[in-house]
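Each of the two complexes below includes subunit A, the first together with subunit B, the second together with subunit C.
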Partner chain A sequence: MTELATGGRRLVVTGTATAALLALSAVGIFLVAPEDADQGVIQRIFYYHVAIAITSLVAFGVAAIYGIRYLRTRRPEHDMVSVVAVGLGLFFSILVILTGSIWARASWGTWWVWEDPRLVTFLIVILLYSAYFMLRSSAEGERRARYSSIFAIAAFASVPLSFYSVRVAESFVHPVVFNSTGANMPDTMLVWFVVAQVAMLGLFLTLLQIELLQRRADDALKRLKLRLEGGV
Partner chain B sequence: MGSGTQYVVAAYAVILFALVMYVVLLGLKAARMARETELLARLVEREDPVEDEPGPDGEGLSPEIESAGR
Partner chain C sequence: MSARPQDAARVEAPPPLGARDALRPLAALIAKDLRLELRTRQTAVGMALFALITMVLFQFTVASRVDDATPFAGGIIWATLALTAVLAVSRAWAAEREGRVLDGLLVAPVSRGALLTAKACTIFVYMLALEIVVLPLAVVFFVEGASAGDLALAFAAAVLADLGIAALGSLVASLAAFARGRELLVPALFLPALLPVVIAAGGATHAVLGGAREVAEYQGYCLFLGVYAVVFTLVSYATYEYVFDD
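Presenting the complex of A and B:
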C-alpha cells in the first residue's frame, strides 16, 4: 500500500473522531455546562478560545520537533511537517486573537489592552512566526529547509515566554485559569473544556494530515510532469 | 438575544467562518491538482494514442470501460 493510501485511511479515522468530538463539545458547551456566576453567558467563549490557544502552541511545538528531526536526518518530509505545523499554528493563533478580542470587548469593554503581557506576548509570537514564511521565501532548496528548521526551533523559545508572562507579570486583566493548584473552575465546566481541547487537537491533526497528503500528491504530480515533459 | 449572547455567537461564528474558508482554500488546491492531473492524462494519451484511443469497435478501451459499455 502506498504512503498516500495509508495517509488517506488515517485521515478518515482522525477526521471522523474529530467531527464527533466537535459536535459533542458544542452540545456540552451550549446545553450542558453551567453558566458562570461571575461572567454569565460570555464565559462560554472560554472553552474554544483557550483550547485553540493551547492547540496553536502545540502546533509550534510540533514545528520545532520536526525542525530538529530535519536537522538530524535531512529528510524533506520532516521539513514539510514543520512548515505545515507553523502554518496551522498561525491559523489557530489568529483565531485566538479574534475570539479573545470579542471576549475582551464583552468582558472589559475594549477590543485590546496593550498593558496586558499575555496579549502582547501572544502578538509577538504571531509576528515571529509570520517572519518564518518571509525567511522561507528568501532561500531555495536545502538551505531553505535548514534555515526554516533553525528558525522554527529558535522561535519556539517565545512560546513559554507567552505562557508564563501572565504569571510572572501578575496581570490583573487577563485571567489565569490554570495554575499550580489546578484549574480554577468546577468539574462540570472542566470536563467540557477537556472535550473541547481534545476536539481542537484532533482538528489540528486532521488539518495537518490533509495538508501533508495534498503536498505529497502535489509533489508526485510535479515529478510525473517533469518526467513526461522530459519525454522519459 | 442578549448582548452577552451576541458576543458568544460572534466568537463561534468567527471560528466557523475561518474553518469554512480553510476548507475552501483546500478545495481550491484540490481543484488545481485535478486540473494538472487531467493535463497529464491528456499528455500521456497524446504520446501513446494507439493504446488509449478506442477503435471503431471499441478496441483500445480498458477492460473496465469496455465492460461498463456493454
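Presenting the complex of A and C:
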C-alpha cells in the first residue's frame, strides 16, 4: 500500500510537469516559433511528429530493456513495465502515422506515400509490435512473460534494420530533421523542438506511471480479496 | 551398457566436451529432421507446390498486366519465397509435436542451443531446396534475357537471405511451438520481422535480374543481408536458453 501511495505522489509530480510542458510547447510552437519559409504553417506539426516518433522508439527501447531484466530476474513487475511500454510505443507509433499523414496530405496532396521511409518504417513497427500482443494472448502462465520478453528484444533489434532497408529501397522525399551534422533547423526552432520532445517523453512517463499504478492497484485488490475470502 | 537407476538419479557435472562431441547431438538432430522429410516429403513438396501456386497468382494479378514483367521479377520471387518460408517455419516443430516427443526432446541431454541451431539448419536446407526449384522457374516465367551468371548471383543473394530467414525462423518457430493458434501466430510474428530481408533480397535480385546489372547496388543489398543474419543470429544466441526454459 505504501508503494501505491509513493507511486501516486510521483505520478502527481510527473503529470503536473508534463501538463505544464505540453502547454508551454503548444504556446511556443504555435505562437512564438518562426514560420518555415518553404512549408508554411503545416511545418509546425513536425515539432510534435518528430518528438512523438523519438518517444515511441524510446518506449520500445524501454520494453526491450525490461524484457532483458525480466529474463534475468523473473520478477513479474519487469514484465509488467515491458508490456505497458510496448502498448504505449504502439500508441505513439499510430500517432506518428497520423501526424505524418496529415503533413503528407498538406504537402503532397495525398494521405500516404510509400516513398517516405520513416512512415513506412512505422507501419512495419506497428505490424511487428501488434504481433507481440498476439504472442502474449497465445502463451500461458510464466511462458507468456518469458516469450513476450524475448520477442520485445527481437522486435527492437528489427526496428533499425527495417528503417535502413526501407530507406535504401526508396527515394528520400521526407524532410530530414536531424542528419549527421546535427539539427537541420535554426536555433529559434530547435528550442521549441526540444521543449516538445521533453513534453512527449514526460507524457510517455506519465502514461506509463498511470498504467503501472492501475495494474499494481488491481494486483493489490486481488490479494486483499483473496485474504478476505480466506478469512485471514 | 544400460545405466543403473541410482546412476540415473545422481546428478553430476558432465565432463567438458570437445568440439566434435558438442557437434554430435546437433548433427543427429539435423539428420533426424532431414531423414523424416526424405521419408515423408511432406513439407518440401508442400512448399514447392505453394510457391508454384503463388507465382501463378502473381502472373495473373501483376505480370499479365504488363508487356515485360522483368522489372517486377525480384519482387515476385521474394514475395513468393517469403510467403513459402512461413510454411517452413510453421512446420519446423511439427514432427515433434505430432509424434508427441517435444517434452522427451526437452529432457534429453541435448543443449538448448543445439535444438535451436538444428531447427535453423533445417529451415536453411528447406529454403535452399526451394530456391533451387523456384529461382530457375521464376526466371523462365518472368525474366527476359537473363544469363546463367545473373541467376548464380541471384542464388548467392538468396543463400545470404536464407541465413537471416533461418536465424529468425528458428526463434519464431520455437516461440510458437508451445503457443495456442500457432498457424496464425507464425505469419504474424515472422513476416513483419522478415520485411527487411524481403526488401533487401528483392533489391539484390532486381539488381541482377531486373534488366541492367547494378553491381554496386547488388553488393550493398548483400552486405545488408549479411548484417541482418548476424544481428538475428546474435539475438537467437542471446535468448535461446530462455525459449526452452521450462
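Definition applied: the second predicted complex is superposed on the first by the 217 of 232 C-alpha atoms of A that agree within 3 Å, B and C clash if a C-alpha of one lies under 4 Å from a C-alpha of the other, contacts with A are read in each partner's own complex, and residues count from 1 in each chain.
Heads up, the rule we're going with is that a contact is a pair of C-beta atoms (placed from the backbone, for glycine too) under 8 Å apart; a residue touches a chain by one contact, two chains touch by 3 or more.
All values derive from a computational prediction rather than experimental measurement.
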Partner chain(s) touched by A:Leu205 [first = subunit B, second = subunit C, both, neither]: neither
Partner chain in contact with A:Leu90 - subunit B first, subunit C second, else both or neither: neither
Which of subunit B and subunit C A:Lys225 touches, first, second, both or neither: first
Which superposed partner A:Ile42 touches (first subunit B, second subunit C, both, neither): first
First (subunit B), second (subunit C), both or neither touched by A:Ala33: neither
Touching partner for A:Leu135 - first (subunit B), second (subunit C), both, neither: second
Partner chain(s) touched by A:Gln214 [first = subunit B, second = subunit C, both, neither]: first
First (subunit B), second (subunit C), both or neither touched by A:Ala51: neither
Contacts of A:Met80 with subunit B and subunit C, given as first, second, both or neither: neither
In the complex with subunit A, residue positions of subunit B that touch it: 2-5, 7-8, 10-12, 14-15, 18, 22, 26, 29-30, 33, 36-37, 40, 43-44, 47
Subunit B contact footprint on subunit A (complex, rising order): 40-42, 44-45, 48-49, 52, 91, 94-95, 98-99, 102-103, 105-106, 207, 210-211, 214, 217-218, 221, 224-225, 228-229
Footprint of subunit C on subunit A - complex, ascending: 71, 124, 127-128, 130-131, 134-135, 138-140, 143, 146-147, 149-151, 153-155, 157-158, 161-162, 164-166, 168-169
Subunit A-facing residues of subunit C, complex: 168, 171, 175-176, 178-182, 184-185, 188-189, 191-193, 195-197, 199-200, 203, 220-221, 224, 227-228, 231-232, 235, 238-239, 242-243, 245-246
